[in-house]
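Step one of this worksheet: look at the structure below.
Letters are used for the chains, namely A, B, C, D, E, F and G, taken in the order the chains are written, and counting of residues starts over at 1 for each.
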Amino acid sequence: MIEVYLFLIAVAVILSMYRFFRGPTTADRIVAVDIMTTLTTGLMVLFALYYRRAIFLDVALVYAVLAFVGVIAFARYMEGGL
Amino acid sequence: MNPYYFASIALILIGLYAILAKRNVLKMLVGLSIMETGVNLLLISVGYVSGRSAPILSEGITPDRAVDPIPQALVLTAIVIGVATTAMALSVVINLYEKYKTLNVEEIRRLRG
Amino acid sequence: MNELALIVFAPLIAGALAWLIDIKGIREIIGVLGAAVPLGYAALLYQKVNGGLSFAINLGVFKLTFALNALNWFFLGIGALVGFAAILALVSTGRDSYEWLFALMSLSGVLGVFLANDLMTFFIFWEIMTFASFMMVLHYNKAASLKYFLLSVFGAYAMLIALGMIYAKLGTFDFAQIQQAMYKEAYAVAFKADTVFSKGESILIYLLFLIAFGVKAGMFPLHVWAPDAYSETNQSYAAMFSGVLSKTGVYGFIMLYLLMGTRLAIELGGFRSTTKFGYIIAFLGGLTIIVGGLLAALQEDIRKLFAYSSISQLGYILVGIGVGTALSMQAALFHALSHALFKGLFFLIVATIVYRTGKTTFADMGGLAEKMPFTFAMAFVAILSLAGIPPLVGFASKWVLFEAVISQNLPVLGGMVFFGSAIGFVYLIRFTYAVWFGQRPTDLDNVKDAPLSMAVAMAILALFNVILGIAPGLVARELNKIFGKEVIGGNLYVLDLGFGKYNALAILIYLIAGIVIAGIIYFMGAKARRVPVTDTYQSANPVTMDYNLTIRRNFFLPLKETLAFWLRISFDKLYHDIGAWIEDLAEVLRNYIYNGSVQSYAWYLAIILLILALWGV
Amino acid sequence: MVKRIFAIVFILIIGFWMAKALDQVPFGQDRMLVGKYYLEHVKEETGAVNAVTAVVVNYRGFDTLGEVTVLFIASTGVAALLWRKKRKRTAKTEGSVVLTTGARLLLPFIMLFGVYIFIHGHLTPGGGFPGGATIATAFLFLYLAFTVYEVDHKIFEPLEGLAGVGYVTVGLIGLAIGGYFLFDWIWQTWGIGKENIGRLLSAGFIPIIYTLIGIKVGTELTGIVDNMIKEPEEGGQ
Amino acid sequence: MGETSKISRYLYTVLILFIIWLFLTGSLDPQEVTIGAIFALIVGALTDEVFTERGLGNLNPKRVLYFTAYIPYFLWAMIMANLDVAYRVLHPKRPINPGIVECRTVLTNNVGKLALANSITLTPGTITLDVKGDRYFIHWIDVKDKSVEGASENITKPFEKFLKVIFE
Amino acid sequence: MSQYASLLIALPLFGAFFIPILKRISKSAVMPFLVLVTLIQTGIAAWVFNEVYITGKPIIIMAGGFRPPIGINLYIGHFAALFVLVIAVTSLLMTIFSFKAVSVEPKDKYAMLFLLLMLGATGMISTGDIFNLFVFMEITAISAYALIAYNKTGEASEAALKYIVLGGIGSSFFLVGVALIYGSLGTLNMAHIAQLAHLVNPTVAKAGLALLIFGLAVEAEQFPLNAWAPDAYQEAPHPVTAMFSAFVVKASLYAMGRVIYILSAVEGWSSILRLLIILGTLTVIIGEMSALRQNNVKRMFAYSSIAQVGLIAVGLALGTESGVSASVFHMFNHAIVKALMFLAVGYVAVELGGTEINKFEGLGKRMPVTAFAITVGAISIIGIPLFNIFWSKMQLILAALNAQYTWMVALILGASLVEATYYIRLIHTIWFKGEGEKVKESSVLALVMLLLVALIIVIGIYPEPFWNVMQKAGSDIFNVAQYIKNVPLMGVSP
Amino acid sequence: MSIASIIGQALVLFGTFFYVLSSLGLIRMPDVYNRMQTATKSATLGSLGVIIGVGIWAIGEVGSYSWIPKTLIVAVFLLLTNPIAAHALIRAAYKSGVPLWEGSIVDRYKEAESSLERVEEIKEKLEEPSRGVEINE
């Protein structure tokens, strides 16, 4: 059953990728990235369950932290705040 | 061709293409990073053993159910080295831009001959 | 200490001492002593020539080995004698301790080359000699020294390759062992057995040695450094430079014959009555005679004249070596001796003239016979000897050489040698008249004759010119000793080649008359110089120097014009052009390759990857 | 255009070549040799559960020391290259109160995450480098939110050095006690934590080294960010 | 709030960090707890000044109570918001009526403002675009009232009653 | 006791990490500290050298006490022992030079990078693990990037950028090579790889070896992968340039040699050698030609250095023990000479403000000791007997002939002829052109230069003991069977 | 199948739905502001569902309660950071000049910004009369 959820989330990631490539503005792309990272975090957590390894949750956590700060960096760069 | 190998070779080649074809120095450096990523993926792929899990021997994972830990250790190192290279490259480019006021690789050629 | 070591190192040590002490007077004494030691020992060792005298210094990687035999004693004698004379003359003309150091160092180098018993020692002393002589030229003229240096390096490297090839195959530098191995090789070639050196390799070694020795001997077309280097240095030193240093090249060719002559002869086959490889040397020697002779005739500077003359004379020796018969070899050795004697003498004469007048061009000279009678007398001997007029040593050697070439039925070479003699007369006449006779420029009125040291030096060489001219049998005896058989027969005064005879004593008697005639010429010349140059009138106008077409100035203008086309083909210029062209090419290439764009450089990497890929796929 | 076509042709050929070679290294096969040894002996020899960590810190300690060095070089190099007499941040707009407050609230949490990651390196997929990077992220967040924020170089640089010196010293203690540089004297000589495998206080000096690396990486990455984000003031060349 | 003692702030920070540590490790192993306490003390010392202004004052029972009550309220709002999103996204006509409006808040505390902004962002049809003093600029997907008062009534008011207690 | 040789790695690291702390205490103590560290390093290196050459056995440092191939080992054999010493001594001399030559701030960072450059090269020549080699290579390269750009001029940044891009490509493909070899054998230890080399799939081996050599050749400045080098040499601070030429490139060359010979059992090996010979030959030719009409003397020396590097590579690729030994000898001699020459040319730049050829007019009168040093160095490089390089060129020639590469002799001598042309031209400019005021030369630097000159001449006159050492060092690289035997591999087998 | 598994799985299903919804919103909405409106909210809620769902599911599936605290941490982290990120992004989008969708009916922010600028201008003029001229240019 988990495979189905994994698949669906993967589909969602791919759909967001459409916005990433399509744009049209930089802001659109970064929003797409932001959403993709959120989805990916969920995907990773789900993978942890799939492999039955709690240690992968740490990976998801670090990923969430780095992705969040990364998005903030993009945002601040875009508004000229750096 | 295995998709992981394919992806890593593709990344390496895309990176190489960027270095060969892009005029902007920053894009060339991005190419370099992409290349490094490809290499890292390749290393990891080489160490993968089908049907096995991360080489962390907890939660019921025994040695015969774990993948090769060496490439993962290597990649850790390689990533850090890549980061370091990128950091150096960027600060070099900052200085370069300050002096030359350009990032066009064709204009960064005062040293020649 | 071993005599050989003393011979080789005495000049070097003396030079170093002279340089260190650097007190005028003392350094000259030390220097002359240093040059006297080899001469003295060379004389002493005459008895021990075949006594197997040898000496070795262990330098770690290589051993320096020396040994004495009849052949190198002969060259040792030439070197020590002319070297001593040149050093003696240096007492007057030497400018500073620098010159003492390097002149003596080069003498050490020469003697080391002659006495070396293995290729490595040979090479090392060859380089010491080259370096020292380079420093001597550098002291006077940088451009000349640069040209000399580059060609020397070229030659040295050629030798080095040959050395390396031999060592790599045979594992030894020892002459005797190499000779033995090469004999075996020759047999192997003859019997179509496996050889250590392939045909190509032996030819390569031959060509490399040809270049190496050819440069030093001033062989056409590698001669371009010589005229400048011989003329642009201390003229006393030039006596040794031209008289002795060039002989190391000759010695080298002889060594080449000894080491691998048989091998090359069998491998390459013959040409007419000689060997192919020998004929190449001889032919190049012949060209050297002609080119050197012609250019000598066209010079306006006495130093240059003798420099070219020297080149021309070396050509004779090469012809002799190249023809390759025992007789022609002996002739070559003989002429090597005579050339050292008379050309050494000539350069000392030039040194004296330059030293006393401070001038070097014909245009500035004339009528010196009266002011410098002793020097003129010496010049007289030298001129006769070079021109090949009996009974001086120059005649004896040239005569043997003529006979040797002609007897081998080699018409082209014969023609070249003959032409060389003719052109020799031409430039000698010029020297004789332009310097010694004719009108003397007024500023030379107070010129003094040679200083003592130079006079002694000249006298020594002149004496040998005369003695060995009258008694050529002395030399013939030594040469026969080298070859271990009687090639040139006769007695002390008579040379008997079997198909021709030369009696020096008889000729001497005929020539008493000749000397009388010379005396008359001298007095005539002395008379003629009473009128100052500017007192000549033409159409009632004083003749300016520009129009004064005398023997002293552009005397051979018609000849020059005839040869205009050929003179334009200057090898000197050719090398220069090639050099410039290479440099231009290099610059273009460099700017093209290192074009500054990092992207291009990345492409280079990609290209290499592509090559690897194509090679791997 | 020609350049691009050439580039594509080139990389295709090169790619084909690499693919052909990789074809002989079939994916997913167990080809472990040394790796197998590690998996089988990692617990008894190093006390670590995470074999990668054991490889990184123990078996291939030289690599890791080198890796630390590389990052140190980068941080030093960036500081050297961007060094000017006077440098200042030139950011124009500060983040809104949402961002600034968010940064203040999250700072301790993210730091604690970092600590958690490096201290558990021998148990979970983590270690000094990701831990340090997470800590640096906390500081990066401050840089992103506040226009005036900058780290105290007086503390950061010596701390960075101190952590490095500490690492080398730990290695040298191994040399003194166990006879080998980077010898895990805590595990192999003292045998501390042998009964604890799989719990926090085990795996010999791995937690110590990872703590040092975490501090070092955190300070270094922060330093790199700090250097990159500042620009020279007028006349401050 | 400057009068809040340093110790209070420190202890509060350490406490929160320690709790988070427990959650992170998900274990009550004494080793984990000990090390967690140590690092909570260290990290707390480094960060307490930026982390909190009020220190232990935050643990006032009333505030905790309101905070606890706020959670289900907020979650509910969030689910509603998402259903609203689902309606707008999945509706073939894409029914939207967007614009940027301005609201005022009575909150003065920064953390309160953050909580308000986040709440707004996660609830129906609104995202906080910027906060300037007490003025919130909000992108509203379906603008119902352009006036400041009207918008405030719609957007900020519902949360303020909780947040005011929790953070003021 | 021999494990204390690991101080060769630990000390520079400790020193570099300690500098930020030291800087807080006293900023002016940083440069003297640098001298101190390199001095101690020299002492350790001397001890190691002595130990290895007296016992005749390599020192195997086992990090963490794990036996290879389980742990990474450092292999300080005859080659490494020798070059560790060369590196330490050169670094020591260059620290002294740095006092004079480095004026740009921040000097504490310079000192750190300096130590780490030294460390990187030391690691490269002593490691016994192919991935660890990559790590040390990157340590060397990245500190080199920083040092090249250290002067913060546009040109310096440009030079560094070029090196970064090319070095980055090189190291990426090197890693691909590592991945291939590892994927095929499952081990990274060099001795273990050598032991198992015959088991590698030929296709993989060919590509892997090619990629490894490709990556290393970028660092080892083989044409046309060396395009970064002239710029980098020109723009780096002078002591750093000297270090590049003296040992950084040598470390890469060594690595290339080591990798080649440990994989000598794989298929396609000889064609890689042939390729390397071609590259090396081109390196020599292009290097010499580029130096020929070069107006910037430092750049001229750089090209000259590249050409020598080409010769060394050719020697390594001959595939014979004598070739490798000759190469090592040439590395050693060239290290001494180029350290001297870059020191001298750098000193000229410091005193006279540039390295364009016109600055050298009248140098013989202005800075006689420096001029003398340059002259001796030039004469040595040309290959005049009684100077050190003569002997190594000689050995290279002999080796080439032994290996049936007769034409290579012409290459070496032709190169020497070109060298003679441009160096004599330089000497001419120095001694016979122009005039100028006399500059007071630093007595310490004069001493350093004369020391190196003396070394050049001592080797030139008495090469035997040095040649003996070089033969041992060369054999260390060439003799793989012995290498495998020397490394105490534990029984991990497929 | 245990109760925990059922609840967990239901939550995951719930989350997955909103995940897909957020990606659809990202595609369908007309401008970046509206995309953010829809995508952020559902992605956050989706995360809560999926991640906490996994925590609960694991009780049944793996038999371990230790998943719960960790998943909670991840979920809370996302709950806290996603709106901050969205806020930073929308502000950045606006400030970098991404226009509102043409169907937008009001822009208070623009009005406020321009009036704010005017205020600042006047303030500076008053403080530094000499520099006021420059500003006018």
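Just so we're on the same page, a residue touches a chain if its C-beta (ideal position, glycine included) is under 8 Å from a C-beta of that chain, and two chains touch if they have at least 3 such contacts.
Remember, predicted model here, so these are calculated numbers, not experimental data.
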| item | value |
| --- | --- |
| Where subunit C and subunit G overlap in contact partners, by chain label | D |
| Chains most often in contact, by C-beta pairs | D-F |
| Chain whose average C-alpha position is farthest from subunit A's own | C |
| Furthest chain, CA centroid comparison against subunit E | C |
| Nearest-to-centre chain - CA centroid comparison | F |
| Gap in Å, rounded to a whole number, between the CA centres of subunit F and subunit B | 27 |
| For subunit A paired with subunit E, centre-to-centre distance based on mean C-alpha positions, whole Å | 22 |
| Centre distance in Å when subunit B and subunit D are each reduced to the mean of their C-alpha atoms | 16 |
| Separation of mean Cα positions, subunit G and subunit D [Å, integer] | 30 |
| Shared interface positions of subunit A, touching two or more other chains | 52, 54-56, 58, 61, 65, 72, 76, 79-81 |
| Residues within subunit G bordering two or more other chains | 24, 36, 40, 44, 66-67, 70, 73, 77, 80-82, 84, 86-88, 91, 95 |
| Touching two or more other chains - residue numbers and ranges from subunit D | 7, 10-11, 14, 17-18, 20-23, 25, 31-32, 34-36, 38, 60, 63, 66-67, 70, 73-74, 77-78, 81, 93, 95-96, 98-99, 102, 105, 109, 113, 116, 120, 123-125 |
| Parts of subunit D lying in touch with subunit E, wherever the complex brings them together | 96-98, 100-102, 104-105, 107-109, 111-113, 115-116, 119-120, 196, 199-201 |
| Complex contacts: residues of subunit D adjacent to subunit A | 91-95, 99, 110, 113, 116-117, 120, 123-126, 130, 133-134, 137, 140-141, 144-145, 147, 229 |
| Sites on subunit F touched by subunit B in the complex | 131, 135, 138, 142, 145-146, 149, 152-162, 164-165, 168-169, 171-172, 175-176, 178-179, 182-183, 186, 188, 230-231, 234-235, 290 |
| Complex interface listing, subunit D residues touching subunit B | 3-4, 7-8, 10-12, 14-15, 18-19, 22-23, 25, 27-32, 34-36, 38-40, 42-43, 49-52, 54-56, 60, 63-64, 66-67, 70-71, 73-75, 77-78, 81-82, 123-125, 127, 129, 198, 224, 227-228, 232 |
| Residue numbers on subunit F that touch subunit C, as the complex places them | 161-162, 165-166, 169-170, 173, 203, 206-207, 210-211, 214, 217-218, 224-225, 227-228, 230, 268, 271, 275, 279, 286, 289-290, 292-293, 382-386, 391, 394, 397-398, 400-402, 406, 409-410, 413-414, 416-417, 420-421, 424-425, 428, 432, 461-465, 467 |
